[in-house]
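Got some structures for you, see below.
What follows is a pair of complexes built around chain A, which joins chain B in one and chain C in the other.
Up next, the complex of A and B:
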């Protein structure tokens, strides 16, 4: 089934993303967090069975995290991006790894890099970083320079009298 | 004690990069595997948010070491989508040429690595030597051997140097003549026949659901290639086939697909197709400008919005999800590397029941590239 038809049946409004270079159409829609699982199941059972990626975006001005679930259909040749918004304070969502197993890995990364909690995923924890002792580093308010200064004080920066190589 | 633990990596000849697998084994059978990335994390996605749109071009090739050009191509395509730019025909052809040269050189490395994992070390030495001819061409074209920083949003950085296509033709003829030696040494070798078929099998009905893409998916019998499916650059004008199980031409079909044997044969046949594509590119290379007239590099204003671009890399689907808020720098860039699924979920699942000695050939045949997992 075509994506437009599925969006219609789910009662969702969608926008078409601009595409140059590639040729297939891409649709993006905002879904309420409690309706997302139902929507993904609907898309999956209608041919959208390739889960491409799960991305997280930190909209710090709006105090929100956006999670984008990206699906592709080899049959219909269409891309679908379903996004949900979570509050930036105590972001929490449930795991969807039972739908596509690789979602587990994306959730582990987003938990580590953005601090989003996924209920039901028992593999959250150390993944890429090791002995991390600060706020999740991909958040917009994480200051890499300040962190480097604090963590590696024995190496002064060039602006502060450090030596040029 | 029945089970014991075994670490493959991060320093191990049987691993495909700075990456580690933690195995639990019973006798010499693997009962559980866990992937441990992190040794190559350099925070590219964070760094990209602090650099201008054009500065990022110098940063991103480093995300995938054996095949850096795909990063430049997808980034450029995503930025062009946001900017609404149509690039000149010549730029499309030059991009196709660069991407196919990169595909051959990456497949050569994989073939060498794979052969090493089943004890045929000569293939690796030959492959690295033959790849050098391609690196020489890259050096002449872009000034660099490994990280080319050549494909820019709007086109490519420079036009072709004089006589470049003639030299490319020569290298192609040479590589084609070398294929029979690789066949004799690896693809018609008894060791390969005995060790590769039906080893490291991905269940065919689960392949798409598990996010398997590229040659690994085609080894399961699916005829899917982004170059045909979601065409980009000059691919729609070019004629080529998609090798997939069980269409292996003159090669014997052993095993039942989705295994190390099919995955390596698909790669071997793709080299032939890439040579065919490059020959057509040489013939059809159009005249004209190689890039659009670009705005002031310090003041690019990329309209706000979301864009996703994807290409077929030698390892599978490679995509960038780029988000702009209308500023001088990207708001967020998410890299979708093919090894993210192949190296973690797929390997962890299919490793169960494998013999320890077959583990290395399985990850080499999946072509797991550690740097695109953790960026």
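Up next, the complex of A and C:
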């Protein structure tokens, strides 16, 4: 089924994205967090059975996190982006790993890099970063220069008892 | 009674000289490809530049290697593995820091996860600057390292033993825990 038709059946507003050089149609829609699972199930049962990616955007001025669920249909050759907004102060959402198992890995990464909590996912532990001791590093208010200076430049050189510079 | 006494004519100092002369001619190398640097190694290894004519061959395990090549940036997670590989190697061992990232951070100067200077954590005998260094620069570094070994200047492994406390202290500032 075409994506436009599925959007109409779900009663969602959508926009067609224009990407230079890419002729495949792409659609983006904003979904309410409680409606998302239902929408993904609908898309999945209508040919959109490839889950491409789950990404997170930090809209620091609007105080929101945007989660984008990216689906693709091999039959219709169409991309669909479903996005939900979460409050930035307490970002919390439920896991959707029962729909596509690869969502678990994306959720682990987003939990580590942005600090978004996914209820029901029990593997949200240390993933890519090791021995991390600060706030999630991909948040916009994380000052990477200050952190690098504090952590790495303060490590002293090896004092070999020779002449100093 | 010992029927084959050691040739006492050659003093200990001279033995070390001979040892160095022999060991510089058979450097077995393990390259720890952390980042982009691995791309420059195939021309050096293969017929174009052919490092084997100097007795340098790539080796599979750290326990058989003399030379550790750290190519590219070193993340905190990688540093733990590099230290582990380095400590597995047998003396005498040498380290070459390859590219600008292990020297001062390179393009990752402001990254939250890249350690900036490798020589704060393990001793480095030779640096190759550049992003990326050409195979000629790598060959040049190998020849200079061989010269240093011959003259007894490449003694990073002795420094690691001597200042082990300081190296370990610096390493533990980055790692929260060691046994993982």
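Just so it is clear, the second predicted complex is superposed on the first by the 153 of 165 C-alpha atoms of A that agree within 3 Å, B and C clash if a C-alpha of one lies under 4 Å from a C-alpha of the other, contacts with A are read in each partner's own complex, and residues count from 1 in each chain.
Keep in mind that, in the parts below, a contact is a pair of C-beta atoms (placed from the backbone, for glycine too) under 8 Å apart; a residue touches a chain by one contact, two chains touch by 3 or more.
Everything numeric here is computed off the predicted structure, so don't read it as measured data.
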| item | value |
| --- | --- |
| Contacts of A:137 with chain B and chain C, given as first, second, both or neither | both |
| Chain B versus chain C as contact partner of A:104, first or second or both or neither | first |
| First (chain B), second (chain C), both or neither touched by A:129 | both |
| Touched partner set for A:160, first chain B, second chain C, both or neither | second |
| Which partner, chain B or chain C, touches more chain A residues | B |
| Which of chain B and chain C A:60 touches, first, second, both or neither | neither |
| Partner chain in contact with A:148 - chain B first, chain C second, else both or neither | second |
| Partner chain(s) touched by A:22 [first = chain B, second = chain C, both, neither] | first |
| Chain B versus chain C as contact partner of A:41, first or second or both or neither | neither |
| Contacts on chain A seen with chain B and repeated with chain C across the two complexes | 128-130, 137, 142, 144 |
| Touching residues on chain A, where the partner in the complex is chain C | 128-131, 133-134, 137, 142, 144-145, 147-148, 151-153, 155-160 |
| Chain B contact footprint on chain A (complex, rising order) | 17-24, 26, 28, 49-53, 55-58, 68, 70, 74, 77, 79, 81, 100-102, 104-105, 127-130, 137-138, 140, 142, 144 |
| Parts of chain C lying in touch with chain A, wherever the complex brings them together | 76-77, 80, 105, 109-117, 119-120, 123, 159, 163, 166-167, 170, 173-177, 180 |
| Chain B - residues contacting chain A, complex | 37-38, 41, 43, 45-46, 49-50, 76-78, 80-87, 208-211, 213, 222, 224, 229-233, 305-310, 317, 319, 321, 323, 331-332, 334, 336, 340-341, 344-345, 349, 374 |
